[in-house]
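Here chain A shows up in two complexes: once beside chain B, once beside chain C.
So, the complex of A and B:
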């Protein structure tokens, strides 16, 4: 089956023709051919100047992630014909949220730097040597262990798109690999650092990372595990934790979310003042939440009974400091 | 300085950094991309009271068809259990049994279930732990740098020349000691489990530096790889109880290895498969790996990656149907000869992992012994290379080295017209597959050698379509192809000379093992454009040669 590939070419260092531009190639795709195999065919038989990374071609080394028809994919495990039939096109571009070095090769340095930021190695508690990780204990971190560091999650991350300093999903999942390890000795310190600005609370939970992960690492789930762990650990002095507390409090007190009050609780007075321009714009579009006159709902006792039950069963209500 | 950042290279780097040395990895792919990541089944070590390292050593010697050096095998098997525990201390997690002990699965050629594993992605788990430790120890990483030559001055190592792939620039890297950990050459064959990056780079570098290569005729063909792509289906699939069936639905291994059947050593199983296929009992050039009787739960929990690979790359769900598989080039038993401390003939130059031949695998490697070798000898190389570096001064780095390397690259880029690199590579892989596969004979090998020599000539005149500096994959590949052709010639020359059948090397014209003449290692060296052949004794300590039967 002949399929037209449209590939984004870009060589920022080329003085004459840097691009970016799209070049088309016709590939005779056989049954089972992967996108990576098609790219190899193009580069080996037609245009050797096309640059892209590859190695294991069996979905375990993480080299060949690219944007295919608008979404981050691991090209070695994506078959050409079904993808083409589904999308009606075959457009190959470099990963989003990363600077292009040449064609489909992106600068992964920021990705590795984020990894290094979470101190991605076990720092065992004293006396934990020989302490086995039981089948049950392993289950809690097994998803995060599956990561191949291909970068698909970060490429699709909405928070990373607006804040390049955001720790982003890949490194967060890696952080959970250690925070969730029963042998780890520096859980508290790690959670404190992860709760800082540009950390786990800056995730907007769009779930793209989990959706586009080719290895089912579920980074969002790991970020949520980190958030819960941080609050249980008493790391509460940050906007993220305060936001969760304010939410829980509001529902416990009134039986509903008092959105107008949330800003103050989350950001504090001074930073809330800075939000006034945003508030005015919201008001203009009729999106500004207004304070309730009688905020409490009638059936408040039922809500509180739920809270009591949760507290009894899981003790999940965040600890108050001091 | 360590060339290559797979399991052996990174383990060596950690050891050197622990010894307080300024340590760097030079690697053509980012460390977690190295091919160790694809190891699936596990890592052997005698951990249980009912097992012993001596039993592991015996299985390894027998697996090697008595060609392995027993002093090195003793080191590997006796130190292995300590390394397993150390890996766990570093953060690795091995699967546990219900009593909390490290679980161990049976593997081919082993008399005891002693393969430790993390599901079917053991290599991935261990490589990532090693990478974590490399970061922890502050090892410097020159990633996407390809070493183009070893620099030897006054008979001692002085450093390397490496090309930064991102810019095309050549750099001098000086070091008191250099460890080669460049992995295998699987890509010289058409059907291979190996990554596109497994191009035998270190072997080419070693030959050019005047070092010999040892036991290159011994190429491991893994019995279960997918037909079209060569992608590996772990031996763990048979370890967990999988069957191999021919077109008649027979478990044909009952004929070839009545006692252990599918769990005979890899050379035995691959030959059996090839025989079934050649005698007309194959299924479209394959045999069938049947896992259905293991049940969905076992397959999903212990062989989940295998299932995904079979579904993605062969369109078969092993829970529902048997997977067509065939033998494919998998591992290089031979390599750069090194002693039990990984020291090569050149002072300051060390070799570890698949590129080395210490020799623990002899004529055939047991499954689960390569991760073990990488970790044990990576550690030992790191230690010995550190001691060496502490005891010596930097050797002068000749100015000519960089100039020569630059001229070499410039000469390639200047060639106006010539054949395409990739076409030549395909031709080489075809020749090796046809003439130097599982069954060999003088005529086939001789023809293969002639053809490889002819392709080598054409490689010297091949020209590039990409003349750019940055991420020039074609330029990288013409250099890689040089190493692959050298490795191919070394394999063919060694195979042609060894007139017996031992382990993975099977000569239809000499179908018996002949200890009286051939209980010795082959050594080949490159002299100009020619290869010379020599031999070396096998070290036998406790296990006298006997007939090998499974």
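So, the complex of A and C:
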């Protein structure tokens, strides 16, 4: 089956024609051919100047991640024909949210810098004589250990698209690999660092990371685990944790979300005052959230019973700070 | 034709309060279409993702409590909020694929005298229109086709992903909102950001990220020729409309883009009045795109 590939070419070092521009190649794709195999065919038979990274061809090394038809994919584990049949095109671009070095090769330095920021190594408490790790203990961090550092999640991350300083999903999932390890001795310190600005609470929960991870690391789930752990560890003095606490209290009291109280408690008094101009505009259109004007849901006692039962069975309340 | 469509109706907290125009207009439109919406007076908040951060087991149990109410009503749930859809569907997926988790959650629910057996489906209004009800049938109710309107569909992220929990539309090639826009006689506008995030989850936590994200989405739709946006999600509506002024500051550009709730656009094409649809409650007036 002949398929037209449209590939983004870009060579910032080329003085005459740096691009970016799209060049088309016709590939005779066989059943089962992967996108990476098609790129290799183009490079070997038609255009040796096309630059892209690859190594293992077996979804282990994580080198060949690119944007295919708008989404980050590991090209060695994506077949040409089904992709073409679904999307009606074969547009290959470098990973988003990363600077292009040449053609489909991106600069991964910021990716590694974020990784380094979370101290990706175990730091057991001093003087411990070794810790037994049960199968259940291990299960909690299994998913985070599947990462092959391909960068698909960061390329898809909606928050990183807007704020390049955001810690982003790959390093967050890696952070959980150590925070969630029973042998780790610096859990509190790690969670404090992760709760700072541009940290775990800046995730917008767009779910792209989990959807497009080729190894099912589920970065968003690991971010949620970090957030829960931070709150249970008593790292509460930040807008993200205050936001969640306000929600948990609101649902326990009313069964519902109380928008006004959420705003006030998350922002604190001073920043809430800064919201007054917007509040006045909202009020004009009848949209200003007023506290407590809605009734409780029916059978709110059931909700409180659920809270109590979770507290009794598993422990719910965060440790107090300090 | 099958019997009357009946759903346990879960508007979500925000649609009962800040964006109540979407709740009101959905009820109006559903009544005209003959879709039965039955209230869930006991239903609690799904947690909007924040309860998932707080405690996963609490999140599961509180969502199972919602499902237990729908199960007792012998109906599937219809929501008009993409975040409620995603949060409830994810809990439902986890409970249904792990019998032990369902059992443990039911032990918690037993303290409230409740039980969930895993039979409820969660849908959103968009899916009901494009799926259960059918767009052809919707088209029969269009008395005032919106032929002059170019509409940017804004799915937002929570009506498409995670696809293993939602499953109705295709996250890489979504069609339901475009098809609905066409069924109303209007023309959908294509742009990459249509299935990306509006930023609302960090409105209060990382305001700069949120407002810039909203601005980027609106500008992209505008540059591709949109007269207005439509969204199936009230949270997206809050960011795209209520906070459009902040978004304009963040991207340093005037945008002036009217944003409709899905129910309002459907209502307009069915001949309902802007007043009945609550259009005056929008901060960016949609007047200029109404004929």
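By our rule, the second predicted complex is superposed on the first by the 286 of 322 C-alpha atoms of A that agree within 3 Å, B and C clash if a C-alpha of one lies under 4 Å from a C-alpha of the other, contacts with A are read in each partner's own complex, and residues count from 1 in each chain.
To be clear about the criterion, a contact is a pair of C-beta atoms (placed from the backbone, for glycine too) under 8 Å apart; a residue touches a chain by one contact, two chains touch by 3 or more.
What you see is a predicted model; the values in this text were computed from it and never measured.
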Note to self: Following the superposition defined at the top, how do chain B and chain C come out on chain A, clash or fit?
What the structure shows: fit
Next item on the list: Put down the vertex angle at chain A formed with chain B and chain C, C-alpha centres only, nearest 10°.
Entry: 140
Margin query: Contacts for A:239 in the overlay, against chain B (first) and chain C (second): which applies, first, second, both or neither?
Written below: second
Next item on the list: Would you sort A:267 into first (chain B), second (chain C), both or neither based on which partner it touches?
Entry: second
Note to self: Between chain B and chain C, which one contacts more residues of chain A in the superposed model?
What the structure shows: C
Check: Now for A:134: first (chain B), second (chain C), both, or neither, which partner does it touch?
Finding: first
Next item on the list: Would you sort A:15 into first (chain B), second (chain C), both or neither based on which partner it touches?
Entry: neither
Notebook entry, point to check: If you stack the two complexes on chain A, which partner ends up touching A:181: first (chain B), second (chain C), both, or neither?
Noted result: first
Check: So, does A:278 touch the first partner chain B, the second partner chain C, both, or neither?
Finding: second
Next item on the list: Using only C-alpha atoms, work out how near chain B sits to chain C after the chain A superposition, in angstrom.
Entry: 16
Check: Which positions of chain A sit in both the chain B and the chain C interface?
Finding: none
Note to self: Which stretch or stretches of chain A touch chain C in the complex?
What the structure shows: 69-71, 86-87, 158-159, 161-163, 166, 197-198, 201-208, 210-211, 224, 227-228, 231, 239-240, 243-245, 247-248, 250-251, 255-257, 259, 262-263, 266-267, 278, 281-282, 285-287, 289, 293-294, 297-299, 301-303, 305-310, 313-314, 316
Check: Contact residues on chain C for chain A in the complex?
Finding: 13-14, 16-19, 41-45, 47-58, 61-62, 65, 86, 107-109, 111-114, 157-158, 161-163, 170-173, 192, 196-197, 199, 201-202, 204-206, 208-210, 212-213, 216, 242-243, 245-246, 280-283
Item checked: Residue numbers on chain B that touch chain A, as the complex places them -> 29-30, 32-35, 37-38, 85, 88-91, 93, 95-96, 98, 100-102, 118, 121, 124-125, 128, 132-133, 135-136, 166, 195-197, 228-229, 231-232, 305, 308-309, 312-315, 420-422, 464-466, 468, 470-471, 473-474
Notebook entry, point to check: Contact residues on chain A for chain B in the complex?
Noted result: 11, 13, 32, 34, 43-45, 47-49, 51, 53-63, 77, 79, 101-103, 105, 108, 112, 115-116, 119-122, 124, 129-130, 132-135, 138, 145-149, 178, 181, 183
